[in-house]
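Please find the structures below.
Below are two complexes that have chain A in common, paired first with chain B and then with chain C.
Now for the complex of A and B:
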């Protein structure tokens, strides 16, 4: 009966399997071989653990490992706590939709651009120091490392500025599925304080809904490269940065310990997720014991308000960071204690025009291609589910999240080896392919819920009126879902623009995007040019989000049910 | 024209049949009412007849339309119209375009199609509302627009799924009359499921009680 549906589903499965899963498997396989010392290109054909011994003996290895664990686990843990506290304190005053709008700039801006902005704001010669200078009596930048500090504090902070808004969005959308107000009233009527109801009643229901996104955040924080280059300690850096350096070292034999490091990086993420699962199990036990005791507890309110205050302060610094990108790109003379530039100029833009125009067009091409391909695949997947009238199997859901849970550094080198063998490496096609691995999951996740929220009876009504599958898709579903489709596309654009490692590895240094350029420039001295690239890098996703907001509003200006936020 | 169900039975994914096998005949222009407690599978029955059954449900027995077995046909080829308690007008189309969506493609020419839609609009008491946004209409207007959209598709049979339950009491009587008058004047065999005895009384046809076999 659903022959066409079966064909579509088989096609989608083949594309996902061959296009997304196989590359990851090949990447892990090739990296794993090199980690075991097998590198035919260098004439190494015997498996051994020498690469691992070399890795452990590399200078700074232990420090890199410690930095990775501290910044990755620390930033994730703090982000979850702060986001939870903030939601508990303000949830009643904020709707999911207004929260999402407020968070959009923080979600849209790429990690690298945020990192550049934070460096501008927090550096000894940055905005914060300039504002404090009159009070502290500084006429020169103070002499302590506030960025690239050896503890990784700046990196931890930078990660949190990006991850807290993401978690807030995820928690707010989870809360919209729970009757919070009524449960809060019921709990308080039983004598529990607001904060305690939140911890004992609401959070245990929220956690299963946000578990996967928290894993994604954890995997990302443990293996981030671009933000760690800009904000993290430089010598020794975090493990992911160190591994990237070893991979790109002039000495090709460094690939062996680098591969071991890449596999170690993947294992760290795996272990961290396992740790989180164990913590969840233990927490469940303890929580049940705690709840059964029935203690009304002390008020948790001060803690919640402190968390909200910290979140607000972080967001303020984040906004300042975004602003500083634009200000620096337009600054000409700006000596230290001055809070604003003494003279402004468009020269940073005009002087570097050739460079940023090229990087911008490459970035646009990549973003358009990856978001477009991902959207087409996501729609085909969802339509296939509709035609088969099936809901998604858990293994299929796992496939979608897989690329987000395996650290990029863990398989990109090996994937490049695979691409070299089929003659794809170093070209724009290879970069597009590698980026789609990470763009598709986000597009798919963003589109799935709104797609399923579409009233199936409306589609039945269309079928009963004699319209076939194609017409139901093109004339009913897609126009009705135009807003979530464009939002998913904007998210895809933002993810593509933010990609650093896939471009670096697959482009073999020949594909320059706004992100690779911004990261390279950030270590240089000219903040104005860095500001130009980072402004563009942040501006592109903003423009995509704005378009996703405006286009449906214009297309459906006379359709009240569609010009608002809901899709039904 | 007639709609015939022959030993129709639906099994759920977990194996049990929802209700005992159902056989009935709906002659042209008549309304047969199926009643039963909520959860017994009334809507699932209509899904099965219309071809909208979700994955996991298994259908045995046959659905015949004017003597032809349509059980194996996809929903869009069955020509069985469907009405719900919500109007479910397409939110991105104007009222007129919603009606035009149902109009068979065999009616050619822009002017002809427009005229057919305008005629249906005035029959439905919606004259002059072609360009209106469905979201700006009253509940009664939306319900009439949905019925006209369904009838314009020239259905060979009509399924009504608690069609009046969301209308307020005053409007309900008016909408019942409106619906049943149209059904009878066009001689469409109509099957209605409802739990409101007044609906059944207004329909004036036979009433069949659907007895559940398992709890859903």
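Now for the complex of A and C:
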């Protein structure tokens, strides 16, 4: 192991430690202090558990907690089941690359934009109801709670529309590392049904590869704010929304129980992950016993097809939601029960000057800066691993995932106080920093596997021809890896565009992005303007994904082996 | 020559105006971060227009920080105080009133009194009981400057609901006859709380108690009829009273979608404006209960640690200019009623107001009936807490 390799590794670790982990620790520390009743600005200097008593006594606390658990755990469990079932049914006909292309719009669109679209499609006065109105004979919308329902079903559905495609992508890429076709043939030859081969043979190998992404989905679903505001119930809302509301209550002393709620939110995610680990242990034991019994389970087949049908229906509703955003942005008047607008207008689009142009340019700046920084850091990290000839330690892997597993609301309030103390809050720098916390992990995860899959013979050949480390990186690795690098950048752009709470808290509200504007506008009355912002919000990451597909194809048009076949 | 003229003028000017010139000089080049609720596109456009004007005339630019709730700005100032940032804060000007003003005043988060120093304050009636001097019965003490008048009104679609309720008590029968066709914003929102207050004023046995800070005994006595009324109303609300729209804008969208027949607003001109914008059917009209409705004034105030105090004062003063107020009251611009005292305007200014255009859905001041006083701010807090205790399960 060379001296230079060690230096690079130490440098990267220092940046990640100081730049990413320290802020989270400071944020949790500040929030934790307030949760224990210490808030000097309000003259509270004595630690006590009063904040927790207050939190528990707040109206609707128990219901909020129940809603969070039911929607968070329910949507994750159902998403995993559906994604698995769908993969089992269609895997033979779908490659990882074609899957990625099909799923791109669902991955690109931020949660908030999808929620705005779904809210319109599913509402009693929404698109589906309008299509049914002539048949059902409705002259006014029926009084059904199809969105904002007290059980959180609409929220659960909304989360699934976003999470199933993400899990599909993760499972598809995990499957490319497993000889599925051969194992399926062997299983079928032994008389097992197709579905049971999936459950008994293939999924146990897939699970370790998708475990972390499932945790991320679970952590996200338990603590989501923007989607829960738009689709979830309001009286009371889920815990994360309630905590956000308490943080911004007119009564400043509400910050104390809000902080306790934020810490509770973090504890819930921790417990849920622990629960998943225990379930995995139990499942392992039961599974072994079950496999040894040798049941051939031919009856699982209809279940798989049902899962695929549900996934297809969900995607259709999702596409309808995206389409409705575009239609609304072009409508003038569109009232119930008209299936299409009565009159059209380009007014929301042409009012660009004072409107969306500014938010778009801020969003572009943030996306460029955060994706660029994250990419540089990720490449430095991976190159450091190469030079040290070391694989990643589990603790380093945990470090990368940490920001994705701790609920944002748990440390953002405290982090804002911390940033204020060093005079950094309210500016674009603070927002970039806070966003990188969440962009870097995704970029790193997206880039790690393709980087390791790079054929080492190419590097050896370059070394044998006398190129140094720097030249091997710039002239061989990066050009060969241009496709995964651009894909990772596109993912980084998508994550940056979608950030709501970090932008709101760290930007002191002054940094207006497409997402903050779309969420603010979704609490307004003009769906047409919301449509413009949500369309742009979905369009920007989509353009980034498209660029990630097209640029390598053009650059490598005369390099067949590099144009599509390289590991993505 | 120029210098001596300036000298003569400054000698002739009364002391307050000389101070104002200093303010103008200091303000030049400042950028004022105006934290204002951002849910209304017309208000946002008006604020942008204000920024253009102050930029041209005084070299003060305005950036609107769009809030989804005014309390966000209060929290921001508290966070800054928590971090010891007692100067150079991120909030220069806040659109504020009621409980948020009370909270900031009580916590010592506001700048020293400034309204009396504004030259255009001479157009205001600043008498001790004038609506411009008390905000939800809390004395303003010069710490916030008025800019627009708010009156609570209902909006209904005359094509769907021919006969809206005439009193708050009448809502119970109306909802029973039209179940699921009316609701109100969540009372944690300003507008939802105002709906409850409007009913409280009509139903309570003794309205004078509402002008005093709330006590346990007074609260129980004053609100008993309100809860009886609400228990009768709630089962027939939209979605059975299980969920509520987040704010008045979402409620207006529900009216536009035909999910409900009645919405509410704190701006009598908002309906005509929304029709012009294609956001409500042409058949939408405004009504107020026969006894009148709650009215108050929207203010702007300056936090104690604001970075651009002078710029904020220049903006506050510009908002009170009769020409600005007439522009604001124009239904084609914003349609918000002026806060100036008509008796203090000169003839040109009066004529400017008289010449403003009108619209079918725009009520006249006479249509709106008497203005009812806001209860003391502590009532609103207690009312929303009690509502949550009773109905948030």
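To be clear about the criterion, the second predicted complex is superposed on the first by the 560 of 568 C-alpha atoms of A that agree within 3 Å, B and C clash if a C-alpha of one lies under 4 Å from a C-alpha of the other, contacts with A are read in each partner's own complex, and residues count from 1 in each chain.
Basically, a residue touches a chain if its C-beta (ideal position, glycine included) is under 8 Å from a C-beta of that chain, and two chains touch if they have at least 3 such contacts.
Please read these numbers as outputs of a predicted model, since none were measured by experiment.
Novice: Output check: A:510 vs chain B and chain C. Expected answer is one of first, second, both, neither. What do you get?
Specialist: A:510 sits against chain C, while chain B stays out of touch.
Novice: After superposing on the shared chain, does chain C or chain B touch more chain A residues?
Specialist: C
Novice: Scan A:212 for contacts with chain B and chain C and give back first, second, both or neither.
Specialist: A:212 contacts neither chain B nor chain C.
Novice: Report for A:561: first if it touches chain B alone, second if chain C alone, otherwise both or neither.
Specialist: Touch status of A:561: first partner only.
Novice: After the superposition on A, what does A:527 contact: first (chain B), second (chain C), both or neither?
Specialist: In the superposition, A:527 touches chain C alone.
Novice: What is the contact status of A:365 with respect to chain B (first) and chain C (second): first, second, both, or neither?
Specialist: neither
Novice: Quick check on the complex: what are the chain C residues that touch chain A?
Specialist: 33, 35, 38-41, 45, 48, 63, 65-76, 78-85, 90-91, 99-100, 103, 107, 160, 179-180, 186, 188, 238-240, 242-247, 249-250, 252-254, 256-259, 274, 277-279, 281, 381, 385, 388-389, 391-393
Novice: Which stretch or stretches of chain B touch chain A in the complex?
Specialist: Going by the criterion above, the answer is residues 47, 50-55, 72, 74-82, 84, 86, 88, 90-92, 94, 101-102, 104, 133-136, 146, 149-150, 153, 155, 159.
Novice: Within their complex, state which residues of chain A touch chain C.
Specialist: 39-42, 59-60, 63, 123-125, 140-141, 143, 145, 148-150, 229, 233-236, 245, 247-252, 255, 332-333, 335-336, 343, 345, 354, 413, 416-417, 420-421, 423, 425-426, 508-510, 512, 517, 519-521, 523-527, 529
Novice: Give every residue of chain A touching chain B within the complex, in rising order.
Specialist: Residue list for chain A touching chain B: 1, 388-390, 455-458, 460-469, 472, 475-476, 479-480, 482, 556, 558-562, 568.
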